[in-house]
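By letter and in written order, the chains are A, B, C and D; residue numbering begins at 1 in each of them.
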Amino acid sequence: MQHPPPSSIPVGVLGATGTVGQRFITLLAAHPWFVIKALGASPRSAGKKYREAVNWKQAQPVPNVVKDIVLAECTPGAFEGCKVVFSGLDADVAGEIEAAFRAANLAVFSNAKNFRRDPHVPLIVPLVNPSHLSIIPQQQSLFTPPLKQGFIVTNANCSTTGYIIPLAALEKSFGPIEAVMVTTMQAISGAGYPGVPSLDILDNVIPYIGGEEEKMEWETLKILGGVSTDDKGLLAFDMHARHPLRVSASCNRVAVIDGHTECGLRAQVREALASYTPDALALGCPSAPRHTIVVHEEPDRPQPRLDRYYQDGAGVNVGRVRQCPVLDIKFVVLANNVSIGAATSSIINAEFAVLKGVVPC
Amino acid sequence: MQHPPPSSIPVGVLGATGTVGQRFITLLAAHPWFVIKALGASPRSAGKKYREAVNWKQAQPVPNVVKDIVLAECTPGAFEGCKVVFSGLDADVAGEIEAAFRAANLAVFSNAKNFRRDPHVPLIVPLVNPSHLSIIPQQQSLFTPPLKQGFIVTNANCSTTGYIIPLAALEKSFGPIEAVMVTTMQAISGAGYPGVPSLDILDNVIPYIGGEEEKMEWETLKILGGVSTDDKGLLAFDMHARHPLRVSASCNRVAVIDGHTECGLRAQVREALASYTPDALALGCPSAPRHTIVVHEEPDRPQPRLDRYYQDGAGVNVGRVRQCPVLDIKFVVLANNVSIGAATSSIINAEFAVLKGVVPC
Amino acid sequence: MQHPPPSSIPVGVLGATGTVGQRFITLLAAHPWFVIKALGASPRSAGKKYREAVNWKQAQPVPNVVKDIVLAECTPGAFEGCKVVFSGLDADVAGEIEAAFRAANLAVFSNAKNFRRDPHVPLIVPLVNPSHLSIIPQQQSLFTPPLKQGFIVTNANCSTTGYIIPLAALEKSFGPIEAVMVTTMQAISGAGYPGVPSLDILDNVIPYIGGEEEKMEWETLKILGGVSTDDKGLLAFDMHARHPLRVSASCNRVAVIDGHTECGLRAQVREALASYTPDALALGCPSAPRHTIVVHEEPDRPQPRLDRYYQDGAGVNVGRVRQCPVLDIKFVVLANNVSIGAATSSIINAEFAVLKGVVPC
Amino acid sequence: MQHPPPSSIPVGVLGATGTVGQRFITLLAAHPWFVIKALGASPRSAGKKYREAVNWKQAQPVPNVVKDIVLAECTPGAFEGCKVVFSGLDADVAGEIEAAFRAANLAVFSNAKNFRRDPHVPLIVPLVNPSHLSIIPQQQSLFTPPLKQGFIVTNANCSTTGYIIPLAALEKSFGPIEAVMVTTMQAISGAGYPGVPSLDILDNVIPYIGGEEEKMEWETLKILGGVSTDDKGLLAFDMHARHPLRVSASCNRVAVIDGHTECGLRAQVREALASYTPDALALGCPSAPRHTIVVHEEPDRPQPRLDRYYQDGAGVNVGRVRQCPVLDIKFVVLANNVSIGAATSSIINAEFAVLKGVVPC
């Protein structure tokens, strides 16, 4: 029941001048379906042309199609006509604004963390569990009258996104995993801008990222778990409950610009990884990587500088698959935290929703 | 049966112009007992004054006491009269030279890896297992006639040294450990000079250090295990055999100058760590840290830049002691790879041997 | 007319929890004359013990002598009895607070920029122009009634301090300089904390530091120029007017933690540099470096990592003295921006003032 | 007299497995005219397939068109049929090999330094002085019998290439320059692989690059000077002799991966820079940047991380054009040392030679 993609779907971006917003704009400006119609920013920037308000930090120049768009405040009225709204808002304002957009019947695909733990909002890594879109009708039915088009979909924390894709590949081939231990070495871009002070990270490792380990442990259960019907007939995320999964994360910040490296433990065979084909690719999402996981054979790969742009940053690198004396298997994962770890995931989620008809276009 | 330290013990340094040799010289120039009498280098440098031959890379200047010492070739004759010889030789030459020095009845304390796996050579982390010096008489008895003063003592790989000290503290309080998983983020100085090319590490992580994981796994068993008598009446390292210990290491190189950060897993309580007093301190080794392990309470410590000089680099930092959902407990270790991880260990080993009378002075 | 230093001079520190304040405290805790009696901070921190309020960022631990000092607000009443007050305040508050302290008859030695351009406040690089203290009586006479003990002395911008010392050495030997061109590569610590975002500087150079070039050009004239009497009989800084000096600065930020490297042009001979003895040393200031300028002969020195701690960071490194095809001579300067470039300068200034009797003790 | 480019020109690459060779291959694999037919390497690699012999260090994967090419030794016989040979050889072997290829009537475009100072070999920055190809017939006439197709063309040192393009733009608009002072902050990739040890550059600046300043000063004169006829009727490079030009360079290595930043002094107006159109663009070289110089208006640009890929690395960034108190004008230049500073220049030189008929195709 795949819907044909229309040639032109009007979209908006919330938090358009921030780091994630800039990534959304860069990706959307080259997108085959989505056309940017509205950009939202803080009241301080609203009313200015995008080019004048933004402190652009990408290696590519500001896309021409947005240079002269006048920034709006982040209110639903300014986004009328947008079929999809992408949110790159900071967590301190995202909750209220995204709720207002949903209530105004807009489809919100958010990179913010505010609704990730909401029991009616799907937390979707597009290369893993887009099937969780199935909870949206229930999310809409909680409103009176029920919403017809408004909903919120979130994507996961960047460090979760990277390491969970190989895990999904392994579960698909070998069934439920029992235990995972993961140690991350995360890039500074994961902290946004200005983010990590240079005095804290040059010639240094910071062995702590506030809240990150808890996020990784909790999000893993929500994403890899299923959606089932509870005794009241309501849909609920089962948090991997039938096959309890223990996850232990240790998160570190290192002096790398882009690309989170993660030393995952527990798994089986590289064939399962290399042949993994997620639904998003099968369905034809244009931003899904042609090949999801590359398994490196060289002993010293993957490395952020050499491998973070695999599949334009939408693919995942795995290497050093080997026996583990304590658990079964261990390997290294490298995922691009600013692409598949952030804006790219929101966009593939939206593509999937379009093809499934969840966003009517 | 502690021997009083004499006021002046003549010592030599092999590989004196290399990175480890420079560290030995810096430490020995300020040492209360040891006096540098001879310096050995490659035939290319032999015959030159130290100051002219060395490409000095330490932040402190070349100590005055060695500037005008004429470098000798690494042959025993040039080190006559030295009670102790420290070896900072590269592995490609250390095996043959150290063996020759031992055969010439010189006591060799080596930072090289060549003899670490020898069943008659102790592998000593001075804050953990100096009791393994007990195997030396057996090592000497293998020669005909038996050696009277010559022997070889090695210290461990820098990444092993750092993380094994907290493990020893835990075993001392709670008995044998069953499983350890450790992920390292190792400094570039651990690779020597020129070592890691800058193009490989700036804005990068290298998730592989050749042979390092095997070394950490194997050395841990030799160091934490005991020395026992086999059925022929010979002493042997038991490799933790009575309480099998599984060790899983994942080693990474990061853009840090000095200080290896390691995310250890499995352990119990911080009191056991903070109160750990190794024999080397109890015996009065002057280079042993007054306080072996500092346990940090701040969530974002230890960090290489802020904590690597704890106890002049001879102490070990532990932080983030917390429950682990998979094993029992996890924590972060930071140890200075160029101090306690290398030259400082050799020196404390020699101090311990002097105080025990193993080196007659 | 040198005054004997008393054994104990009570001092205070303004802005005690900031980066510069932490440096002041580290240096003063080990100082032979000065004893910390009062610490000032923002109203938010006032009332807390120093150890609890500070986010300590130095490699050495917090000195015991200040750990339990209760932070005061930055008002003169809380600093009664202090003979000297060091100011590490941020520029946005330093102006008002320092003026209030002066008016309350306290001697203020400030690292802040606010009063550097004041025509009655000396701008002193202690190894260059402490003779400018001579303007203090005039500064005091501007008040009604004239101040007896209150005054403000500032030290220079860190990039000015480093490169101006070799220039002073050259002027002392060869007379007035006509033209100077200087290109800086400045460390991130010069921007304070949090300062430069890591995303801006890792794998990067920022060829601009706001206001820095103007400061270097202007401050050079004030410092190297003399103090003369104008036609109204008042003292005034002559800004090198009798021998006009053209200064051209190009300032860059690079990924170095501590130590500003500067490529100076114009000069003559290395002997003049190496033999330079500033008045502060001749007078016996205990924090003045025993040897002011080291001239390196190796072609690849000075380097921040190897040379920034020369004379505990109070000395200046010069290297690569060579002919310049356009001006006369060119060379490289390295000075420690957080030592002689900041807090150390304020302290030597205060020492000089004590020895000259400007601060009565 | 422009020759139409043929659709397919067979070319070879010498030193194909090295850093520069990898760049040549990456660029040539996507080139509209040139088709790689032969790859040369050391005897150690010769006989292996390219993919198996190379330690590939580029962010893009090895191009498919070269993966299975069997590496030849660098002898002319193996390159028969190649109209153009690009040389990425190391200087220690380039001299002899390139001479042999020329003698065998092959057209060599070299990135090596060996022939740059040869009085009959043009040293061409393609966006500045491709007219120097005019000396080739004379170079060929020195052989007996004169060569018909063999010759050598070199391009300049990477740091020269970057800063000389704006100077050429200024000379074109305002006539001869009298004096230039330039301070460089050069990327580590300029030193090749393994190149700069990480221990030398992390948290550091190295204020010296052996021979680099002399190269910049000398090459500037050869490139900006003309070709004139001497009294024997022979062509000669005049080294800017009629308008003597003094050049003073200060070269530094900084912790940047790609992109040399240079603080140039002396110049006039930004319009002259922005409107500069080199002959290589006018003639239609496909690899010449559409726009040669971008002049930035923001005060903190250009920066390596944000601007080094301007025009795919073939364009030059200029910023901070401002008055200089000592000379006339100063500005900052950023050029991509691995693109226009190396392989890209050789390729545009070859394109120019093809269009001019110097390489008959």
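Quick notes
Going forward, contacts are C-beta pairs under 8 Å (C-beta built on N, C-alpha and C of every residue); 3 or more make two chains touch, one makes a residue touch a chain.
On a predicted model such as this, the values are computed, not experimentally measured, just so you know.
The rotation relating subunit B to subunit C, fitted on Cα atoms, comes to 180°, given as a multiple of 5. At the interface between subunit C and subunit D, over half of the residue numbers involved are used by both copies, so each side presents largely the same positions.
For subunit C, the chain whose average C-alpha position is most distant is A. Computed centre separation for the pair subunit A/subunit D is 42 angstrom, with centres defined by C-alpha atoms. Taking each chain's centre as the mean of its C-alpha atoms, subunit A lies 49 Å from subunit C.
Counting only residues that touch two or more partner chains, subunit A has 57, 200, 202-203, 255, 257, 305-306. For subunit D in complex with subunit B, the residues that touch the partner chain are 57, 188-189, 193-203, 255, 257. Against subunit D, in their complex, subunit C makes its touches with residues 179-181, 183, 185, 200, 203-208, 210, 217, 246-248, 250, 252, 254-257, 261, 263, 265, 299-306, 319-320, 324-327, 330, 332, 334. Of all residues in subunit B, only 57, 59, 202-203, 257, 305-306, 309 touch subunit C in the complex they form.
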